[in-house]
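In the part that follows, the structures are each spelled out as structure tokens.
What follows is chain A paired twice: with chain B in the first complex and chain C in the second.
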Partner chain A sequence: MVKKDIMEEIAKANKSVIKGVDKKDIEHWATIYIMGKAYRVPADLTIMQAMEYAGYKFIRSCGCRAGFCGACSTIYRLKGDYKLQTAMACQTRVEDGMYLVQLPFSPAEKPIYDIDTVEYEENSFLKYFPEIARCVSCNTCTKACPQDLEVMDFIQAALRGDFKKVAELSFDCIQCGLCAIRCPAEIVQYNVAQFGRIMYGKYGFKENEFLEKRVTEIKEGKFDKEFKRLLSLSGNKIVDVYKKQQATKSKYLKKGGKK
Partner chain B sequence: MKIPYYPGCTLKTKAKNFERSSIAVAEMLGVELVELPKWNCCGVVHSLTSDDLIHHLAPIRNLVRVQEMNEEKLVEDEFRLVTLCSMCYNTLKRSNLRFIENYEEREKINSIMEREEDYKGNVKVVHFLEILRDIGYDKISDKIKKPLDKLKIAVYYGCNLLRPKEVGIDDPENPDILETLFESLGAEVTLFPYKKMCCGSYQTVLDKESVADLTYNILSNAKEHHAEIVVTSCPLCAFNLDNRQEIVRSKHSEFKAIPVVYFSQLMALAFGLNIEICGFDSNYISALPLLKKKGYLKNK
Partner chain C sequence: MSEYKLIGGYPEDMRKSIEKLEKTRDRRVGRLPKGMTLEEREEVLNLCHPDYTPGGKRKIPIGVNKGDTAPTEVVELLEANPAIDTKDIDLSNIDYETDILIIGGGLTGTAAALLANDNGVPVEKILLVNKLRHGDSNSIMAQGGTQAADSPVDSPPIHYLDAIGGGHFTNKPDVLKALVEEAPIALKWIVDLGVLFDRTEDGDFVRLPGGGTSRKRMHACKDYTGLEELRVIRDEFRNRKIPVLEFCPVVELLTDSVTDKVTGAVLWEMETGDYKIVRAKATILATGGFGRLHIRGFPTTNHYGATADGIVLAYRAGAKLKDTDTVQYHPTGAAYPQQIIGLLLTEKLRSMGAQPINKEGEAFVYPLEPRDVEASRIIKECYINDMGVTTPTGMKGIWLDTPLIDIINGPATIEKSFPGMVRMFKRFGIDMIKDPVLIFPTLHYQNGGVETDPEGRTNIKGLFVAGEASGGVHGKNRLMGNSTLDCIVFGRISGKTAASYIKGYKKKDKISFRHLEKYGKLFKDAGIKAKGRAPILLPEYRGKAVLERMIDVF
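For the complex of A and B:
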């Protein structure tokens, strides 16, 4: 659901990048250090916007700019804090005293497997990713995850062959690679997770019984009459039908429950 | 009575029959083994290097989960953590003892764990056999539907339940907790001098032959003393003594296979539980022919 006002907000936040500096509009400034060099940037920018503001042009480490693609992995430290932190550059605002660098690429070994022949059994994870047995449960991967996933817990689930848990816990993984870069056991968590999700999707996940029922109904022509009716309507009438349908839908959504 | 329960990886993969039968047996005795909502590897092997703290993160993290379970009221003021796998028992308990005694090291572990709440050192790691001992063998005898009096049983301890002394569930030199349990179930427990002999442990991965030799020695000793079936509590011992009989038989043509099962499987049988719960079909050498011969499986 993209609303106009949200788009305006984004445009406003991007103003200093898109249109150059309009110092009157900028109330707060922050000093960040990109690969050691200090830049004074508007404090409301994301790391990605701030780097562009500072003059960087992205040919890597930048993709969807919306937190989905996992390309803009960034590591940083804050002044006076020993912690090494991780973030997606497009989703994180700059902070004063931020020392940062982007990770252009995370090297990873991915085994080749054929999902039609791989056996769906507990040991399959260890067969293709034997290094997961090196996990000492230090939780560094979980701390590194910009998606706040319980990375260590899905690696532990993989160790005991729990495909369902791996798939569920890793569902929102964007494969940014930060866990793999931080892991002292050198595990490539996101590849393990992908294997788990693919296998669970193919062999473990049970299709909803209603799906089959509905497909049969469609094939048997339950909705043919209604389709015919809609197709015969004029443009204006179709708009009316659509509006009516949307109105009932929003009412349904407002009730917020299943019927 | 609800007690936090730590399964470990093997109980969820190769030793499902051990878990299923134990949970059912516990239930018969009024104990609910409540699995930790979240758990990780036990650590597998206790690290003896004094400054190698990172290998203790795994066991200690599991102990923190017991604290959480109490806070979330999943159990009521119950800080015992029950294990079934001897290996998990050993690793969890040894780490626990080390960090209960050493405050400074515990603080270090806590600071590395960071996101977890601190481990306060108040959890007690126990083996299911100890829970059974605490319940009392009289109460166990009361539940018997099919006494095991037709079976000659050898009990095998292995190392992890007994050593080192400070974590042993019984006298490391002359244990009798398994003997007492099976006598209370009506069984004839045979003399078994090799009951604490090494099964070869992880050598089974790299050197199957040597492990098969050990298996041959141990099981031959059991058979010399007229045992018909061997029971154990350790999934690794079970694997070595059970699955490695394949190699033993190829080397020694005179060797006759002998079933090796988890103690809980025979307990479930004695309690008259469903044969599926006993899980005899998942052992490598099937105990079913023996049990059939002795009349334990009349209906099947």
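For the complex of A and C:
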């Protein structure tokens, strides 16, 4: 019966995470103001968890809950502080005296382009995003970025037509929209970056010879015979073949191992 | 605010354990515990894996899979009433007439739309519907990579063997063959669309090993692989102006009034409460998995919307499920701090040298066993050997010695390869470049799902399923990097299959709730009363105190 206890113990340890926090387990509290209204919430929660604790059930402004999707953009001020701050609600712990509101949607124009015919040249950015010329280098976008990206720098790189730089600087962009909503020049930075990365990915590298070769081999049926053999094996025979293959793995997996 | 003193994000007793780990670090570099034999793997699975230990499951009482076992949380949904009351719904008023309805806008659904279009279906005859935003999915959260056997020392058959062994030889062979054989083709497709995979100095792909792989075939985009893949194919989708509806989950499928064929769906506008009727010649279900059911009380890595909607809808329509009894627990979910419990720490960390270490600073497991084995061994170390580290919230966990990555691969590797992880821990005061992070297995993936053939077809005409919602390709355990691959390969395949299925299809199908009448009768015959409603669409995290006192006036 030892085994069953393990699962029960695990479930017990995780209860607050999966069922919501129980008031009686809380030692430390914070007061936050959701759209101006005060709520007393556990101090150890993220903004998202705290709003749920307060009684909100999300439809918008909640997505992956792990910092990858950009759904939970949040704007807040701390009491007594002039600064308007930005955060992802799922990745930010509540602070006492936080006044917050979420951004459920960010209206933005995305230009349409055909990636097979678009020109990979320096002024392509300006062709599809002429408004980037309005950038006044105020750096508000960078300050707004909850991923701490150098947003203004990649807009400047876009102005110069530097696809590689745009791709590198913007790679961790989760398209939350906070930069675009703060930009006085009304640039949609995350769409500029998306265009830059796609162009760089598509045109910035030569064809991968290994991949091209493998695709040709598959289409020519090079592996058909081997597949036929593997699919005909049953029971212990396939297990033996598997074991044999696993036994070769150290040769291939060590650092700098066979390519 | 927390009253206990934190040193670099950790309380004092955890810090003491870190000191022990630091002492053994030098001698652990390049020295790993031996991998387990198949017999040893079996033993630890039986002892500690949530799927193998008693409890947590029961038999499905009605329907096509009657008698099969599944997690209790899943069976409860299969036994529930429909989310809609059919008498409230007027089927004579069709809101959307389309050729191909795609349910779900992750990698799978988005790829399916593109391939349907490539194969002759005009964009205005495709409709993609999402529960939340287009792209809200488990796909976008995938970190580690995408497998494809493109290196000269590798091949699709070698990939096949790795995956079938990892799946304990329960994978559907013909479907798995399609996955591994299409993998390089799918990889080329997304590279040509502009996905930026990690590259070496000379422009070749960086290829990494993963748990259970015998070659290096993982293609990663730092630790944002799914995000990069998804935003690229979604941008192409938007460039083609394919119609899409957001915040419109499917709450019930529609079927022909005479046959079992799926002929459309009922959508529910989440924000207005309105419903919409879609009639479609073919329906592709790409709704993802079930992490937010918190099976066996585990936290999860999954998206907010991962609530098993797809299997519930398909099952009521008569679709056959496969491997419903297995759940994938990822060995390395975050166990500390409280704010991020359950979130994914990619397997790529171990691919690049991070080692699981117990509270005394000792390594106890080969870091890259298949996921179920690795997870079981970690549970054993915590709960049977009592060598886990206890956190202030009472969780137990194991260290993942991340600083090793820089020691092995050179300075700044962690920062460059795992910006997402570094950022997440930094937000909560922990520096994973200098300090280890605490991990515990977390609910990660729905191994099974609706049974499909290699073309994405199901036993129900007009219904195609792909991605995590499908079952068979991974058998009872999926390997790292085969999930994003599954989404892209079978998203593409299902789009193509659906396009050829509707070719020359002139007849307008009837739409009805005939399947619900049939399903309702099964309850009656079995003498069971349906409980609750499903699909649930979203999990419930509001505090108990609020829910108990809520006045439901709106």
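In this text, the second predicted complex is superposed on the first by the 180 of 259 C-alpha atoms of A that agree within 3 Å, B and C clash if a C-alpha of one lies under 4 Å from a C-alpha of the other, contacts with A are read in each partner's own complex, and residues count from 1 in each chain.
Rule of thumb we're sticking to: a contact is a pair of C-beta atoms (placed from the backbone, for glycine too) under 8 Å apart; a residue touches a chain by one contact, two chains touch by 3 or more.
Computed from a prediction, not measured in an experiment: that's the story for all the values here.
In the superposition on chain A, contact is made by A:Lys143 with chain B only, not with chain C. When the two complexes are overlaid, the chain among chain B and chain C that reaches more residues of chain A is C. Residue contacts after overlaying the shared chain place A:Asp153 against chain B, while chain C stays out of touching range. In the superposition on chain A, contact is made by A:Glu52 with chain C only, not with chain B. Of the two partner chains placed around the shared chain by superposition, chain C is the only one that A:Ile218 touches, whereas chain B remains out of contact. Looking at the shared chain after the overlay, A:Lys37 reaches neither chain B nor chain C. Comparing which residues of chain A touch chain B with which touch chain C, the overlap is empty.
For chain C in complex with chain A, the touching residues are 1-3, 38, 47-48, 50, 53-56, 132-133, 135-136, 140-141, 148-153, 155-158, 160-162, 164-165, 169, 173-174, 177, 181, 184-185, 187-188, 191-196, 199, 203-205, 209, 213-216, 221-222, 224, 226-228, 231-232, 235-236, 238-239, 241, 247, 270-271, 294, 296-299, 301, 303-304, 337-344, 379, 383-384, 393-396, 408, 419-420, 423-424, 427-428, 538, 540-547, 550. Residues 2-4, 6-7, 9-23, 27-28, 30, 43-46, 49, 52-60, 62-69, 71, 91-93, 96, 110, 112-115, 147-148, 167, 171-172, 174-175, 194, 197-202, 205-206, 208, 210-212, 214-215, 218, 223, 226-227, 230-231, 238-239, 241-243, 245-246, 248-249, 252-253, 255, 257-259 of chain A touch chain C in their complex.
Considering their complex, residues 122-123, 135-139, 142-143, 152-153, 156, 159-162, 184 of chain A touch chain B.
By the touch criterion given at the top, residues 9, 12-14, 38-41, 43, 54-55, 57-58, 61, 112-116 of chain B touch chain A in their complex.
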